[in-house]
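Listed after this line are the structures, all set down as structure tokens.
Here come two complexes built around subunit A, the first alongside subunit B, the second alongside subunit C.
On to the complex of A and B.
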């Protein structure tokens, strides 16, 4: 075959590395436009007056409170993992609610295989697209801050949090069935893409506002070679209680797809009974018990579910059910009647409706009550720090009425941001909320003045007694 | 009987009335207008039994069970579908709604309507042929896709001769019908992984000779969609056997290489994702290797300049770099 454009110019072929470098250079770096001199000023108390171009003042003022990362408007904290925080954001171009996982390289380095796992997750998620697998929509890197932002589909919570919010730590059968069917759909897709998740458990199954289950956290997942004859794997890194006997036994190699079947079986067992099939005081005991493969299913679990659980928790991986067998199993087909009440996603800081947390920031920005009432036009880092450490909530109210053309709000010391201080302690808000009637938090929120609403989130961290 | 408002008809009565009305419509005699009215009226009654209305809840399970039983016994579903083109616009939609609701009905782990349709596959074949009639094609499409969710029904459709008509339907000139047919076609080929893989393996020659025509279609949309679906099918691990067979055929490689050079960048891009499998194959058959070797330099040069503006797409660039490396390193097989 020939190319008509062959004569124009012939570019030398890149070697692997060259192309990769090229790619790296092209990676998008979005964040606030900060002069380099502001980066490490966290601990200095030098008053900060910088010469700034007029166009930059406008730029800064435009986003004074709504912190933006790239095109995303930041909202409240949704959760915190070992890798970093997860916050809600709003895509300012599409107006879609998203979640952003903020990874700090410094933190990652302390976790075994941390950076490697994140890199793997990004590579895998980028090529996946399925209703029941969490979508990775964007990756932003800020090399200076050593932060990475993974923009994902927005989820309101995970099955684990929901389970923990109930007294019996389980779902009604019909609800569990709905999640299980979605889990199998997502898993079938992953397996069709040659991906073994290896860490299926309630904590890694998230839900969107409309109740769609999303398999997440592919940090320890493995992609099989495209031409691999079978699904043999050699390493397992998942959560111990969900590991199959072949891994507990330390087998050198095992069938990958069957690992996911087993852990899905443990998950199904867990969400329907509130128990775990295998337990142990420590990981050795636990693995010992798993390796034996002996477990009991509580009496209240009847066939066909009982039979399905036995099929999925087969000690012998070869005899263990395949996805196909599960999909054809009577329990899979049968929708159990909706007898018991649905377990809801636990409220986020008292908000059962999971209203968009970005909104107050936008409201504050656009409808701030009286921008001229308070505050100097410029203030120093020292003052800022003083506010951040201050105990008087009223001061925080002031903080949120910064003048329109304040240029300091974007400077780069995230730790010192009063708003970020507030994030770390959801407890604070709950205490605050619980003092009031909790009947209709969403209405109350919208009635409240935007400024005071914001200030709720600005309270310095304080522990409940 | 209530003094005001309409009396409640029993399911048996509704089914009987509807059947008579549809038959009258089919005969097309002078009472046709009245029949049309009766059909619409009874369809609405039936729909309301299943879905309820703004003032009324859906009927009790017993009533719905009776209705379903009457529908099976009277063979009304088939009759409705056969005469769908004669029913008015709203009526067509009501038929589809009634059909889909009855289809989803479950008793314990059984789906009685699915079992019923298995014994009356004409329902499926009639629905599939619905794509030949413009005025009912989309209604049939919604019913077909609902059927395709059930493996047993999907299997009947896949293994029927009518299935191969889809290769024609996806190319019809009416765009919305062609797209609807394509989504049903895709659903049938991808929904039930094991079933589809087996079907493709067993009918490899027939399916792929038909498929070749889609890839060579005059119609840009057909070409692009079918190429994309081909990529999805081949890259799905369930279709491993089919994939290895596909990438062993030099004609398929030639086709993909030509598609890499198509005017449309989208087609080029989709073709790339199929082409890469040929190159990545660790056990390339001799004819494949020969074609690649014959074009070694040209391919390297071509790929190097292929979609260079996709700098954001890391995965694509990695794959491209990998292919270039692979092609550069190709060595002829030692002569025997």
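On to the complex of A and C.
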């Protein structure tokens, strides 16, 4: 389906310039672009674009066609990887938010060990069940399209995105401590199941709505053979900056559990300082530095933590801390005081609350009887920016908030019970029905609103609150 | 404090004080009589049983652990949490033990069963308004207590409201409850989506269903109470015939269920035009359609011609506001004028309002005198009991 993406694309642009009409990327290119830096990058003498006012750029809202995979209603994109996309879905029976990893066989074949890794991840995740390990709930296969859907627990974001949203790329110590403890809990479970993750890094640590950390992406994880004597491993495929010296050195075999300890150490270093213990212009330099095992910890990191980092980033895997040693470490069991402000999950496409992206699709499905009857809806870049900046008042394309506001202003305090409360007052009536005649800028909402109300087939005994 | 603290008739078989009432955990001490209903899907069954040492009828809930799967944690939570609570309007667990592959939970027998039973068997057009006032006031006390203890119930619905012999309403269904306190801190909002909650979705608040970073708090229970008020008054649960996704979009858009009566049913509004505002709101929200689809209950005119008090309407509207901030707390709502109605109208106590429903205890006791348990069991199984939900 071509209209999968819930993005908008530009249909009209002021002046004759072809602004952008990218099939895949669409306006997202605009999203990432800060106009100021754009202009500064250019040779100012030779302007390529005329200055285009933001309310002269007009978008057509992409139709939100409801699409279902099994019992799951598809929502918008959450992330993208080499294997495919991750989208939000809604379980139509339990109404629980989920995430689905969409794997395209065609793409997988192009990645080294792609198909094997996916198969391995599925077998591993299926038997795992822990609060701090991402849960796989369902696997669906579409042979025709050569697609595979892994339905997982829903997460609002990852530590990496959160770090990147802050100026110093790090968390306050108390926040980092909370994540680190959960990471150790999850890791202990994985190791108890004889699984070595091999790719622990902030990008693979996700957070649920309640702030529970989930270790994810077991794509390169290894399950030790049941009869294996110890945790010796032979291959490592994780992210270079988080690899231990034994892998950087190219040792033939190494202790698996200690790989995860090292990567967790680099992760802890990274989320508390905003830096990496080892860097390099290219992977060879990087591995060279890791192999030397020399690093410095910034002065602001004080002792119990400093000592813990040294213990986890021991060059010699045998001397490196075990999970038990970490758990008994003074920094681990004493929670740092909550002095600094918490780093929040950054907004997704301007939505700070990370609302269900499935809702607009459901609205379309339930309220718009004849899709062709809906006029295309246009809005300007200016409006778009305003929505993105403000609290996104129109996130569902409906004006449900308005009556609510009316009530609030009329009611004052919740202790009072005014007579008219809740019943549509004449004012509410006005805003509801006169939508048609309002100015162009609100055409979109009013159009949606009216169609939606006429065409609902089944209605509950309900009223507007 | 006992559940039966107000008992006036003091039947010989009920415990006056559950502290004195030591119920043993030996499976042999309980003789099951008949099935009262099901709970938790097909995982649990509720039996009428006799605790032999005291010769007391009790309700015995048996959970089949082989079937429990995802419910297992909930059942465990329920037992632990319920035993920590002590309030006359919150269900009591007298004993819990394991019998073969079942976990058994012993609770006092609730003579009138659940409100859902009452609706199913005797009041298909809803309970009398004054009865609802009695019931909801008790439930508000229960919610006020639970909220102050730092829990959100998350499953307030008619099948979780049980009524004892004295007409006291008791809140059950605590297996879906969640804690507001995390790591010793009182959270302003929680975000967890209750697991295995599919059966309760219609009662849940929009903010809980939305599952965004805003989260929800104990005001979510007040919305559920509003939905329950409509359920008790209308006889059927709101959104009953809706697919869950439509129910979700309706709630998110701010449409809430209403109490059906002549002011809210459109037939009347069409002709009478008594209250244009109301008529408009109703037409807009499409109640007309629902009335047609639920034809028979309304065509008889009982719902469309009756008139519920403004107090009741206002109460339900307060609970069902879209913005949780605007909903009053349980403690505030207890003072609502709706709950002053029974006294003002000199209403008889709840058991009389529920006439002609015969509470279960009496029957049992009568027959107990005849020393004929099995006859009771037979008679009870004739009562079409399979249809009822004793979901406590």
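We take it that the second predicted complex is superposed on the first by the 302 of 465 C-alpha atoms of A that agree within 3 Å, B and C clash if a C-alpha of one lies under 4 Å from a C-alpha of the other, contacts with A are read in each partner's own complex, and residues count from 1 in each chain.
Basically, a residue touches a chain if its C-beta (ideal position, glycine included) is under 8 Å from a C-beta of that chain, and two chains touch if they have at least 3 such contacts.
Please read all numbers here as calculations on a predicted model, not as lab measurements.
More subunit A residues lie in contact with C than with the other chain of the pair subunit B and subunit C.
When the two complexes are overlaid on their common chain A, residue A:359 makes contact with subunit C while staying clear of subunit B. Applying the stated contact rule after C-alpha superposition, one finds that A:345 touches subunit C and leaves subunit B untouched. Look at A:367: by the touch rule set out above, it reaches subunit C but stays clear of subunit B.
Within the superposed three-chain model, A:192 lies in touch with subunit B and out of touch with subunit C [touch as defined at top]. Contacts of A:333 after superposition: subunit B is touched, whereas subunit C is not reached. In the superposed model, A:97 makes contact with subunit C only, not with subunit B. By the touch criterion defined above, A:226 lies against subunit B but remains apart from subunit C after alignment on the C-alpha atoms of chain A. Put simply, subunit A uses no single residue to touch subunit B in one complex and subunit C in the other.
Subunit A makes touch with subunit B in their complex at residues 1-3, 5-6, 10-16, 19-20, 22-23, 26, 28, 123, 126-127, 188, 191-194, 224, 226-227, 304, 324, 328, 330-331, 333-335.
Residues 106, 108-109, 111, 151, 193-194, 235-238, 257-258, 260-261, 277, 280-283, 295, 298-302, 304-305, 308, 311-312, 314-315, 317-318, 320-322, 324-325, 328 of subunit B are the ones touching subunit A in the complex. Across the complex, subunit A meets subunit C through its residues 73, 90, 92-97, 154, 156, 208-211, 345, 352-356, 359, 362-363, 365-367, 396, 398, 400-401, 403-404, 407-408, 411, 414-415, 417, 419-426, 428-429, 432, 453, 456-465.
Residue ranges on subunit C touching subunit A, taken from their complex, read 190-193, 196-198, 201, 209-215, 230, 234, 238-250, 252-258, 260, 264, 275, 277-278, 280-282, 284-291, 293-294, 310, 313-314, 317-318, 320-323, 325-328, 332, 336-337.
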